[in-house]
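Each chain carries a letter (A, B and C) given by its place in the written order, and its residues are counted from 1.
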Amino acid sequence: MAQNRSVPVSLFFTCLADAFFPRVGFATAAVLERFGAEVRVPLSQTCCGQPAFNSGNRREARKMARKFLKAFAGDGYIVTPSGSCAAMVKNEYPALFRDEPAMLSLASLAGERTYELSQFLVDVLGVTDPRSSFRGKVTYHDSCHLRRGLGVFEAPRKLLRSIPGVTLVEMEESDRCCGFGGVFSIKYPHISCRMVDDKIERILATGAQFVTSGDIGCLMNIGGMISRSGYPVKPVHLAEILAGDVEVPL
Amino acid sequence: MEPLSRFFHRRSEKALADTALQAAISRATGKFLGARADAVAAFPGFEAARDEGSRIRRETLDRLDFHLARFIAEAERRGAVVHVARDGAEACEIAARVAKEEGVALAVKSKSMLAEEIGLNEALKSAGVDVVEADLGEYIVQLAGEPPSHILAPAVHMARERVARLFEEKLGEPYTDRIPELVGIARRRLREKFLTAGMGITGANFLCADTGSVVLVTNEGNGRMGTILPRVHLVVAGIEKVIPGLADLPVLLRLLTRSATGQPISTYVSVLTGVKRPEDPEGPERLHVILVDNGRTGILQGKYRDILKCIRCGACLNVCPVYQSVGGHAYGWVYSGPMGSVLTPLLAGLAEGAPLANASTLCGACAEVCPVKIPLPEFLLELRADEREQGLKDPAEVFGMKGYAAVMGRAGILEALERFIGVISQVLFKEGKAPWLPFRFSAWTDRRDFPAPSPQPFRKLWKKQRGIRP
Amino acid sequence: MNPADRKEELIRRIAVALRGRDGANPAPASKASREGTSGEADRIARFREMFESQGGNYLAGPSLEPMLPALGEALRISGVAELFFPPDDAGARLVAETLVPFGPFTLVSLDEVRRPSAPPSAGIQTAEFAIAETGTIVQTGREGKTLLPGLLADVHVVLLSPAVFVDRMEECLAALSGDLPRNISFITGPSRTGDIEQTIVIGAHGPKKSIAVLLP
């Protein structure tokens, strides 16, 4: 296991974790600190602007992107427990600022420093075993932006497989979209629900107790349908599995 | 065909409620995808071919004037009459005039999306020409009076019993729902048409600029029938169908047939150049090619040029979870799935096509399978941005986004709001979930639970835990 | 606007769309790529594998006589009553004439085959090329050749010799380049459709059976 002395990491906890699942933020910080990262949390951060960008509202997206870049100015890594937010910064910020050369270079630099959590643990910190106490039969959903946007699909599996208490089972079409798509889920709820039903069918077929993913949006969608329907499977964020037992103040 | 894409929301709801349709789409897309996956796995050169195919198509578009001019010159040198049509109406006019001048009463037609786009059949019918669809799927939907629902499988939405009833009612054939017998009936009925028709009408999969050739790719053989037996051959093709040369054909074919049906090559590929020569025992004496613009030069000019690279393989339809859920008819026009969601707003107007551009989660599966590497998700995002720029968005959405950005503008405002909502939700939502949400957001909670906001946001809890002074 | 002007106008409109007011139209750079070729026996073997995987029937032998019973049987099973062949195709004529007693079959002309009420027939023809990569037979309309055997017959019988095999379509197209025939038909197996309930049925509009016969 690599010894990482005080690797500076700025935690980009995401607006969804902030408002709905603070424990994801704490789990992320805990895992990073476990492997020697020095975690700072820029408290002026708000939102990467994804909901606005994906729905074509680039003016508002730019506003939020500017604020993000200001909040995370500097050196050191930017790590987030959200594949879609990391993809937004890395892949889409250049599109947002294609007509503003100064902002464009700022955005490109920030993008290079930005990582999704499992990607960072494996590729940068060289973690092979997250040393988690989590126990259970788990199936992993490849969120679209993490898998296709960032090309990350081995890292989460490597980490999950190495946890002694975890049995990892693959669902069929693990990278099939769950139907969240941000605003899509309320613009086309009937299609969104059909897609999440299809996803849940594949999850249930694995017999897993837990479904996990690197994106809160996906888990809210899958979890929301599971909860309404009463299915015997629990959504849990990848960061929480990697962290294991973590103290969350409430 | 008149676009009904602006009704996508309602049409997709109907499609989801139609269980027979659901089963049919599922079967078709599953089969195509499985076959494609096998074919790609068996062809180690596939990724390299994608790069090459993308390059060829890009090169064609970047110098389309040169290549199209060359095609016209070469085709005419071999005896074709080449017409150009600015739009669909003009193309139909030309087609009707050609049919009249050539004295055509009966025409057999192969599958052509462009012909659907411009409403060719209706125009020819009005001009007194009987047009018989010769592709089996098209023949079936023609009898039923419906539009096709998939690029490759026009009648994918119909069960065999329905086809059997159709043949009984419209053709007077004794009822049989055994598929080989149904195919046999169509073979017999259409053979007679092929042998007596005055004109064969086809689209073009490719137009080779350096030889002036028209290339047709089929499995059934109706394209060959219609281009060897009748006296006249009429081709209608979009200007973007051109490829620089015959030498570019093999790699594009390798991509097209594997991406579409998983075959290394389709049963029939015809390279047609010019008209019958005196020593030829059969073949058309007259070849008319109508090159149709209908908005394509407009697309060529702008940021969406690469959508014209499309070789109509249908792979993006098959892999799209939205298409898999609702099928082709819901899209309301000729082109469906991801490529249709980009092309429809560009050809039929953004106001008409915007619902299609918005009906995607941007999952990226389409871009992964596109044989010529069209950046479909990027284009969908651009179209949504265009929608906002052109003032076509729902004002409620714009208002909501402005409010969202305002709240996200200051961490202090955000935190105050989060703490406020956190307190309220503890009162309103028991068990940590919100069974209802206000305004449009009820679209979520109609069928799904939504988590109750945390009593305190992460940023506040972090400060507390780490002893950070606010 | 006369037709010539319309074409000019379209080309000019495209040039403007691509490059603005002063659009010139440079000729593109060309590229050529060739891969290595393989031996004749390997080519034939690959052709056979692909051809059969697409539903074709393959017969090979040192001479025609031993194959005639099997060939006749295959045609009879498909309900074939008549045989036809291109008048200028000596090899096909020979096969057709020697096949007659194995039906028995009747020899008919190309004109007779074009009747709407013609009974099931077998069209016999010598192939111009056989492409190993895909199991594809190539027929063209050059030098007055007919395409009817592979078009109207219920059974398409194609005669092959080792010399007609090539590795890939590229070689075939290169060999045909120059003054292209009116029709180059690449044919791979019998015709088929999956348009009803995604169920593949062999024999749509073209031949229901495709038989390749390899003779030295």
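Keep in mind that, in the parts below, contacts are C-beta pairs under 8 Å (C-beta built on N, C-alpha and C of every residue); 3 or more make two chains touch, one makes a residue touch a chain.
From a predicted model like this one, the values you see are computed outputs, not experimental measurements.
When chain centres are set by their Cα atoms, the one at the greatest distance from chain A is C.
Among the chains in view, B has its Cα centre nearest the centre of the complete protein Cα set. Centroid to centroid, with C-alpha atoms defining each point, chain A and chain C lie 55 Å apart. If each chain is reduced to the centroid of its CA atoms, chain B and chain C end up 30 Å from each other.
Chain geometry summary: the mean Cα position of chain A and that of chain B are 33 Å apart.
The touching residues of chain A, when paired with chain B in their complex, are 13, 15, 17-22, 25-26, 29, 41, 43-47, 49, 51-60, 63-64, 67, 95, 144-145, 148-149, 176-177, 179-196, 198, 220-221, 223-225, 227-228, 248-250. Chain C meets chain B in the complex at residues 3, 6-7, 9-18, 23, 25-28, 30, 32, 50, 54, 86, 110, 114-116, 133-134, 136, 141, 143-148, 151, 168-170, 173-174, 177, 180-199, 201, 203-207.
Put simply, chain B touches chain A in their complex at residues 9, 12-13, 16, 321-322, 325-326, 358-365, 367-368, 378, 381, 383-388, 393, 397-398, 401-402, 404-405, 407-411, 414, 418, 421, 433, 440-441, 443-444, 446-459, 461-466, 468. Of all the residues in chain B, the ones that touch chain C in their complex are 24, 27-28, 31, 59, 62-69, 72, 78, 82-84, 86, 134-137, 140, 153-156, 158-160, 163, 179-180, 182-184, 186-187, 190-192, 194-196, 211, 213, 219-222, 224-225, 227-229, 239, 244-247, 249-250, 253, 261, 263-277, 279-283, 291, 293, 297-298, 300-301.
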